[in-house]
Amino acid sequence: METHTAKRVEIVIEAPLERRLTDALTQAGVTGYTILPVRGGSGRSGQWTREGQIGRAGMVAVVCLIKPERLDGLLEAAFTVVEKHIGVVSITDAQVLRAERF
Amino acid sequence: MSEILSLAGANLISPIILSFALGLAAALARSDLTIPEAVAKGMSVYLLFAIGFKGGVAVSAHGVDQTLILTVLAGLVLSFGLPLIAFALLKIMTGLSRTDAAAVAAHYGSISIVTFVAATSVLEGRMIDAEGYMVAVAAVMEAPAILSALWLVARGGGGGAMAPGLMREIMLNGSIVLLVGSFFIGAITGEKGLEEISAFIVTPFKGVLCLFLLDMGLIAGRGLRQSKGVLGAGAVAFAVVMPLIGSTIGMALGMMVGLSLGGIVLLMVLSASASYIAVPAAMRVALPEANPSVYLTLSLGVTFPFNLTLGIPLYLATAQIVTGG
Amino acid sequence: MSEILSLAGANLISPIILSFALGLAAALARSDLTIPEAVAKGMSVYLLFAIGFKGGVAVSAHGVDQTLILTVLAGLVLSFGLPLIAFALLKIMTGLSRTDAAAVAAHYGSISIVTFVAATSVLEGRMIDAEGYMVAVAAVMEAPAILSALWLVARGGGGGAMAPGLMREIMLNGSIVLLVGSFFIGAITGEKGLEEISAFIVTPFKGVLCLFLLDMGLIAGRGLRQSKGVLGAGAVAFAVVMPLIGSTIGMALGMMVGLSLGGIVLLMVLSASASYIAVPAAMRVALPEANPSVYLTLSLGVTFPFNLTLGIPLYLATAQIVTGG
Amino acid sequence: MSEILSLAGANLISPIILSFALGLAAALARSDLTIPEAVAKGMSVYLLFAIGFKGGVAVSAHGVDQTLILTVLAGLVLSFGLPLIAFALLKIMTGLSRTDAAAVAAHYGSISIVTFVAATSVLEGRMIDAEGYMVAVAAVMEAPAILSALWLVARGGGGGAMAPGLMREIMLNGSIVLLVGSFFIGAITGEKGLEEISAFIVTPFKGVLCLFLLDMGLIAGRGLRQSKGVLGAGAVAFAVVMPLIGSTIGMALGMMVGLSLGGIVLLMVLSASASYIAVPAAMRVALPEANPSVYLTLSLGVTFPFNLTLGIPLYLATAQIVTGG
Amino acid sequence: METHTAKRVEIVIEAPLERRLTDALTQAGVTGYTILPVRGGSGRSGQWTREGQIGRAGMVAVVCLIKPERLDGLLEAAFTVVEKHIGVVSITDAQVLRAERF
Amino acid sequence: METHTAKRVEIVIEAPLERRLTDALTQAGVTGYTILPVRGGSGRSGQWTREGQIGRAGMVAVVCLIKPERLDGLLEAAFTVVEKHIGVVSITDAQVLRAERF
């Protein structure tokens, strides 16, 4: 089947920042993203698990599929939010079906 | 003194406190016992709804005292003011950075609703009435402390500007909305409304509180285990001293505005307790450089258990002695 | 008329309705208050189990009326027939596409079990008995409307063929199975079974309903906010007019088959209410081209609150006047 | 015999058993009815807490019998010993590999707390008292069987060495900690503590148990459907024969240590029941080569329903006849 | 360690379609997949979150690791289900351990 | 924006093994990972769903972003845990922001 080149960006970030991140993405022209729950993790700021959290804390993973030429805009938008916070950003090359969709 | 001890003793062997202790012990022993996050959140919705509703019914039954407005004002003063005291104390007692100290201070100006609920249970167990609107005072005290903390940071030139939308987010925080909303529902529907749903929000209340505190114990224990070594002795001492100072100031204000014995105790508890839901979330947005391990460990790992076990009976005994009640 | 208004007024200040209003207001104000999905699903399991069980017990106690079969047939007729009326109305009142109109029509032929439960509560509060098997009628009315909608689309040449396995999926849908299953458990174990578990399914029922409606309010509010601008005035008007038409037809059939006042009101409510669980899921499979915002907003954002607040007291008052009850 | 049948009949039409049957039927019919995992886990926390607490209160009220230590020892003997019998039986009756047989054997030495709870309910319904500390015996019997199974595998040269940390994990397993912990809370706070929270842990208990068993039925049904063809007739026969053998040995030991009728029945039930939470998780770590479908299907799909429906009344009737109670 | 070339296909689709998609995959000879819950997202059909949903609605992410030569069969099978529905399909190059497993 | 080459390793493994896996990763010098919940799946050992499980069973997905040169150490550490168990391991090439973080 015909596929189209894309970038898959995965941003793991603190849950209280979720709305700020998706707002920033939307402003940068990102038209689609998927948010996955995160159960726990470990990084420079230590280990944590979802069951050991209260309130809005914890983290989420935001996955965006975008056209390669929009990658830089996306990363800059994401970075303004992620910069001072706990979290990681990774990018992979991908192919997508239905390019009209994104 | 022996009265205080026997009161504390009686408090310590209640199912509520023992459930907390069980959770704490299980977490420290690395048991895999957990309460699913969704269930814990569901229980907190239940507790907030119940406590707000009952507060509203109490107000509808006993009418609005003339002290209501004064008490709300007292709550505002406490929530704005206590962070300044906490910050000064932290600067003396610990080596925390300005930002970390401000973040911790915000927690101690705000309140812990579960500590409030536990205190309500203790008062009920001793047949001591309290003003129903203390719930509304609790809601009022949640947020202002955050502003004081941001001001403390901004004054030091360390940023701490209000992120756009943050103020709205804090004020419309789920706990505040639920507490205030159910307070109004209780006030509107009154005793008749309470009768309809008391088999849900009154009779099983204490049992749900046990399971909720079991979970709090698990979380506090895991937090303590993971943050071993993060805190110095000074910080830990602060987390015990600050509630004593807060409760004393709360008692003074409570007496000034003319609250009943029960009301005074609850205001002491609100002043003494530290937030671990609303404020940590706000801090992650507003002061991301502040280290969450520090403020969560102090608030949830030290001050919360202290208030739950020793603090509440101590504040009650003190208020009884001072007011002669 | 003034009677209707006072009835509506009394209904509006019940904890149940106010909880819904709180959720709606919180969502519209963009509060982050949420009830975890798992807890909401757990509550709906509880409500379905309790309502089914109690229906079954009622049938076992009062025996099977000779009207039972007639009422079930009436339910089938309503569920198959109402979508045709709804579709015709939508074609007149709105500019929706054939597919969208059919999808919306399916929702209005099916039922909302929470609206049914809320009506049951209102009847109980007014000491009006209803046939226990109305719960079974509710179950019977869930699915047929979907078939009518697919037929409407197929007739227009727009596809809408039955995806393989869909029929089975609809009939064995969790809500239907739970409702019917607990109905039989109640019918088999009778009063004795009820006694064993009434402290769980009867006394706290209304309180759980409050929290559930708080969540429904949150969902309805978020839906309304997100679908701003999706709906024209015609569609919104439809969502109020259709329940009035549905309830009138339901009343006529209820009287024809000889239901009690309570039974008539419940049949009116079933006819007036629109599905927001079973049918939307079926539509995503069977009519994916239909826009979910349209049917969810109408069903959950307009018709559900309308029935909950004004509809139920209105149907009750109308039935009282017409039947002279 | 006719007594046994009528007892079994009465047991079979209780809401608890019928809820299980509903779940089983729904799953076998491929309904999409589910209870969210978090809610199911929340209910199991509730049940463990309630049963442990009530056991502790019973001990605090009736004092510690001199048979307590003997019964705990009997529990240890059973949990260590039954796997050896089960293993020998499996070698005769089935073609399972050594590892699979050992894994299954571990399950039958351990216990199913829900079966225990259901038996407690049946006893209460018949006003038969049992020693409160049977809950502690249940906790004691959870883990030793795992060691026996590992020994069986190691003896055969098939690995089965204790993974590091596994022993600790098993002993500090959530269910054991919660059961033992709430037992102590109940023992410490006694009748007074129970009074405070009985509206939560006593009155609604049976109702919660119904929903929990509904979920168990769903899980057992799905398991049966997915593992069709995995098990031979020999294995299925084992899953019915083993509980009969286990319960007989349990009865003998219970009589030897001088338990009351109720206590004997509970020890029979513990011996007859098979684990489906603690042991499967431990097996995944310790004996990953063992096929989970085999042991889960036997334990949860065959033995659990057998005990719940026929086993419990059978053990009760047998104990009544043998002890003349 | 020895690894084997594979394709990682990620399909985000409405939850009511989940069983249909996995049935289609199985029929196309896909022997393994993993289903992740999705908390929320945004796309052409608007924004949604799990907490704002009732019933079976919402979305799931299905991840399949397959041999490259099976990619086309998988995409065609997936596409028949995804086609008219809300959802996205993306493909990345991957390596897997234990090729005998898929 | 400046990005750095990395490997994204995704390990789907039984939940009771989670702590053993993360301990093994930590010992192999992996400084960060994210754990995602898994709702269900299918593989050689059959089909399963989260709702059909009790207790600690079920699976989780552990995602690690690491420097390419650490890949082998990670895979070996992971393999000792995954080896005899149910589960899959996949690796993709990725880019990350903020290399100092991992």
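A, B, C, D, E and F are the chain letters, set down in written order, and residue numbers restart from 1 in every chain.
Basically, a contact is a pair of C-beta atoms (placed from the backbone, for glycine too) under 8 Å apart; a residue touches a chain by one contact, two chains touch by 3 or more.
All figures in this text were calculated on a predicted structure; none of them were measured in a lab.
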item	value
Chain located farthest away, centre of chain C as origin (C-alpha)	F
Copy-to-copy rotation for chain A and chain F - C-alpha atoms, rounded to a multiple of 5°	120
Numbering shared by both copies at the chain C-chain B contact, with half separating same from different	different
Centroid spacing, where centroids are CA-atom means, of chain A and chain E in whole angstrom	18
Chain centre separation (chain D, chain F; CA means) in Å	34
Chain centre separation (chain B, chain F; CA means) in Å	39
Chain B, residues touching no fewer than two other chains	32, 34-39, 42, 204
For chain A, residues that touch 2 or more chains besides their own	36-37, 47, 49, 56, 92-93
Chain contact graph, described as a line, ring, star, complete graph or other shape	other
Complete list of chain pairs which touch one another	A-B, A-E, A-F, B-C, B-D, C-D, C-E, D-F, E-F
Chain E residues within the chain C interface of the complex	14, 16-17, 20, 45-57, 84-86
Chain E to chain A touching residues, read off their complex	10, 12, 36-44, 47, 49, 59, 61, 72, 75-76, 79, 82, 88-93
List of chain A residues in touch with chain E within their complex	1, 3, 6, 8, 22, 26, 31-37, 60, 65, 92-98, 101-102
Chain C - residues contacting chain B, complex	13-15, 18-19, 22, 25-26, 29-39, 42, 125, 203-208, 210-211, 214
Chain A-facing residues of chain B, complex	34-37, 40, 163, 165, 216, 218-219, 222-223, 226-227, 276-278, 280-282, 284-285, 288-289, 291-293, 300
